[in-house]
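In this document, chain identifiers A, B, C and D correspond to the written order of the chains, with residue numbering beginning at 1 in each.
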Amino acid sequence: MVRVLIVSASPREYGYVRRASEFARRVATEVMGEEASWIDLYNYRIHPCVGCVSDNVKACYRPCPIDDDWERIADMVEGSDALILVTPIYWYNVSTPMKCFIDRLTTFENAIFVEGRSRLEGKVAAFAAIGNDVGAIAVIQNLMIVLNSMGAVIPPWALAYHTSEESPLRSEKFVLDMANVVSCSVLMARALKGLGIPREWYRADREFVERVTKIAEEVDREFDEMLYGS
Amino acid sequence: MVRVLIVSASPREYGYVRRASEFARRVATEVMGEEASWIDLYNYRIHPCVGCVSDNVKACYRPCPIDDDWERIADMVEGSDALILVTPIYWYNVSTPMKCFIDRLTTFENAIFVEGRSRLEGKVAAFAAIGNDVGAIAVIQNLMIVLNSMGAVIPPWALAYHTSEESPLRSEKFVLDMANVVSCSVLMARALKGLGIPREWYRADREFVERVTKIAEEVDREFDEMLYGS
Amino acid sequence: MVRVLIVSASPREYGYVRRASEFARRVATEVMGEEASWIDLYNYRIHPCVGCVSDNVKACYRPCPIDDDWERIADMVEGSDALILVTPIYWYNVSTPMKCFIDRLTTFENAIFVEGRSRLEGKVAAFAAIGNDVGAIAVIQNLMIVLNSMGAVIPPWALAYHTSEESPLRSEKFVLDMANVVSCSVLMARALKGLGIPREWYRADREFVERVTKIAEEVDREFDEMLYGS
Amino acid sequence: MVRVLIVSASPREYGYVRRASEFARRVATEVMGEEASWIDLYNYRIHPCVGCVSDNVKACYRPCPIDDDWERIADMVEGSDALILVTPIYWYNVSTPMKCFIDRLTTFENAIFVEGRSRLEGKVAAFAAIGNDVGAIAVIQNLMIVLNSMGAVIPPWALAYHTSEESPLRSEKFVLDMANVVSCSVLMARALKGLGIPREWYRADREFVERVTKIAEEVDREFDEMLYGS
């Protein structure tokens, strides 16, 4: 069994970032048959990192001394095999709470200096960025190199993006890429747990396309109903 | 008269980012003879942007509806001719409050859709990034393209960086580059106000080097005294 | 009088990058009334930089010792007040000849170590990136920080991008942004030559929009005719 | 058995980039016991991509129609399980021949549209960037997201960098990070071939450190002798 954690950071309760996140959760559970949770950082209180590590390299460690919801989030990260970050594109970069999340993950990476190993080492990480306009690659390249620098594995095809005003769940390309972000993350996490080595990664076979397209339509409709009423 | 606003975002009260910021302030006033203020965002309450603009393009405008210290900061931005951002390097990116500041500046840029013009258009912007390790260019290139996309002018030599464990104010290269970030910003702001066109930009003449080196030493010493006692 | 040099780097003779470049040239001459030239680097032989500067900091200087067309291009750069780089997006980055151009510009920047000043200092630089898909900001942020690090001024609104399969010259947004890249570059070059200080930068007034739209249509049609016959 | 291909792109025959590359080759063979080759792109004729794919999506495929040394390089890429790219930092970006290599790899990635699958899918990719000054992360984040977008797996700790004027092979940090770039790439390639799942990735145990430090010293000395005579 592989556990997937989807972390988004959008203020818009029924917006595209959250739709894409719920879509990812369902692909992980319904298509891949794994455990998956999704949290949005705007529902948590997380304060900016105060850089304890600059004074004492061993001071940055779990539990983080800052008094907020970090440790609840950190428990979920700790318990996951694959982490999928879904961010809106704000000024060619992540949203503020996603930046905050990244900085606070130092409590995992900096375990190097306390217990000899990053607590993210060997976890799988993958990414999605959603906006009305350009900037997706600028955002994702930062997230990718950061997570890799913390010890995470980046599976093939670990990025999905959407940069137009329509719902990403109505874009064939986004739906398939996002489903593969989930699928490749799960395949990689399984491989690293001894649960089988994939011979192929990106899936575009008809069965897969039909299932994920149906899920995308369902999620989009449900969110529309929550937003506009049915 | 040109007004310079230096905005830093470091949690470390006597750290390198704040030393560099105070150095910049003194260069602007003592060497360039202009007005300058410095604020650090960790001393203000600023909440993450909630993306009103996605619902209504005219909703994002001053005053920002979020109830925090933004409008005080915004008044200072509004009153400045040149904006110098000084950030620590956290995971090859800005610190969280600096990211928050950038997102909230949308209230300036988005004036395009309310009054027909960005309130940052024609202001001058320049940058410094300070850390123990790599990532300075990754950080600054994001800040530079963002401020330019909001309408700011980027003067020549608008970047200074320091990526080692020693004080930046003891690095000849950083001190000279940072002093030129200030000097070139002032020269550009003056030119755009009709106060004279520079024939040269980067200064490395002995008089300038000596003055700014002396200021750097003073600031470093004062901060050491505040940190360690005298 | 201000001289604008447009440098593109696309292998496709009647492709979008070259259309955008010719459009920029006509805006500079017909709308702004300045001198402008356009060259495409695929029409020149320019070899990769061999890094002489690492052996001897004074060795990298004009004329560059590499025997190719560089010095002809360099003369044009030297003679320009504003440089507009137009690149296709190849793997979230510039095309190879544009990268080569950037590296060879070291002969200008490195004049710092020979004659005390970069030969790009105070010139104006602006950018456009064109592709079918994402990556525009990743490309332009690199070009912007590089040219600024060589001493160039970046005027307000110094970027235009287009990331879809249609002609950029049929996109209202691209046409207006690209025209403003040219216009703001000219306004800045004029200001720095004492030819007047702009009170406003981005133009979206009807007269301007109509003129540049007409030019865009003409260029697009002419290129279609050259490509398909009339 | 796992095959590692190291690809560098530096004009300096006995320079730091090539030293790091030869070091990587020896770690792969002597420490990890695998097959490894190293090529430097400055020893090959490779012309800029001409973008055939824009006219006909199936036209970009092996063999590439451009008449140069690409197919010899491509055979080596095809035959490798792990690809390690070692680049100098030229203007916060790769060198021109490395950019050319990336663009020509489209013949592998674009197999998606001819045979249904990228020929880089599931290969392992990792990176090193070496320069006198900043820019390492800006370079590597581009390479990492590009290779991942072509289907490559990025193993944990897939980056090493060196940004000072001393030899990287005399930097403890670089030597250990570069050795781990090789080691993690091999571990990942083995895992994906069913040759065992690593329980730990980054190695800093004394035995490993001593072996790779000794190799680094040997390589550095050999290159010094070739450069200066013995």
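We adopt the following convention: contacts are C-beta pairs under 8 Å (C-beta built on N, C-alpha and C of every residue); 3 or more make two chains touch, one makes a residue touch a chain.
Worth saying up front: this structure is predicted, and the values here are computed from it rather than measured.
Student: Using only the C-alpha atoms, find the rotation that maps chain B onto chain D and quote its angle between 0 and 180 degrees, to the nearest 5.
Tutor: Rotation angle, to the nearest 5: 180 degrees.
Student: Which chain's C-alpha centroid is most distant from that of chain B?
Tutor: Farthest by centroid: D.
Student: With centres defined as the mean C-alpha position, give me the chain B-chain D separation in Å.
Tutor: Here the centre of chain D sits 37 Å away from the centre of chain B.
Student: Please compute the C-alpha centroid of chain B, do the same for chain C, then give the distance between them in whole Å.
Tutor: That gives a centre separation of 28 Å.
Student: Which integer distance in Å separates the CA centroid of chain A from that of chain B?
Tutor: 32
Student: Counting only residues that touch at least two other chains, what does the list for chain A look like?
Tutor: Expected reply: 92, 137-138, 141-142, 145, 149.
Student: Any idea which chain B residues touch chain C in the complex?
Tutor: 116-118, 121-122, 137, 140-142, 144-145, 148-149, 151-159, 188, 191-194, 197-198, 200-202, 204
Student: Show me the residue ranges of chain A that touch chain C in the complex, using the header's touch definition.
Tutor: The contact residues of chain A facing chain C are 92, 134-138, 141, 161, 163.
Student: State the interface residues of chain B toward chain A in the complex, per the touch definition above.
Tutor: 10-12, 15, 42, 48-51, 54, 88, 90-97, 99-100, 102-103, 106, 132, 138, 142, 145-146, 149
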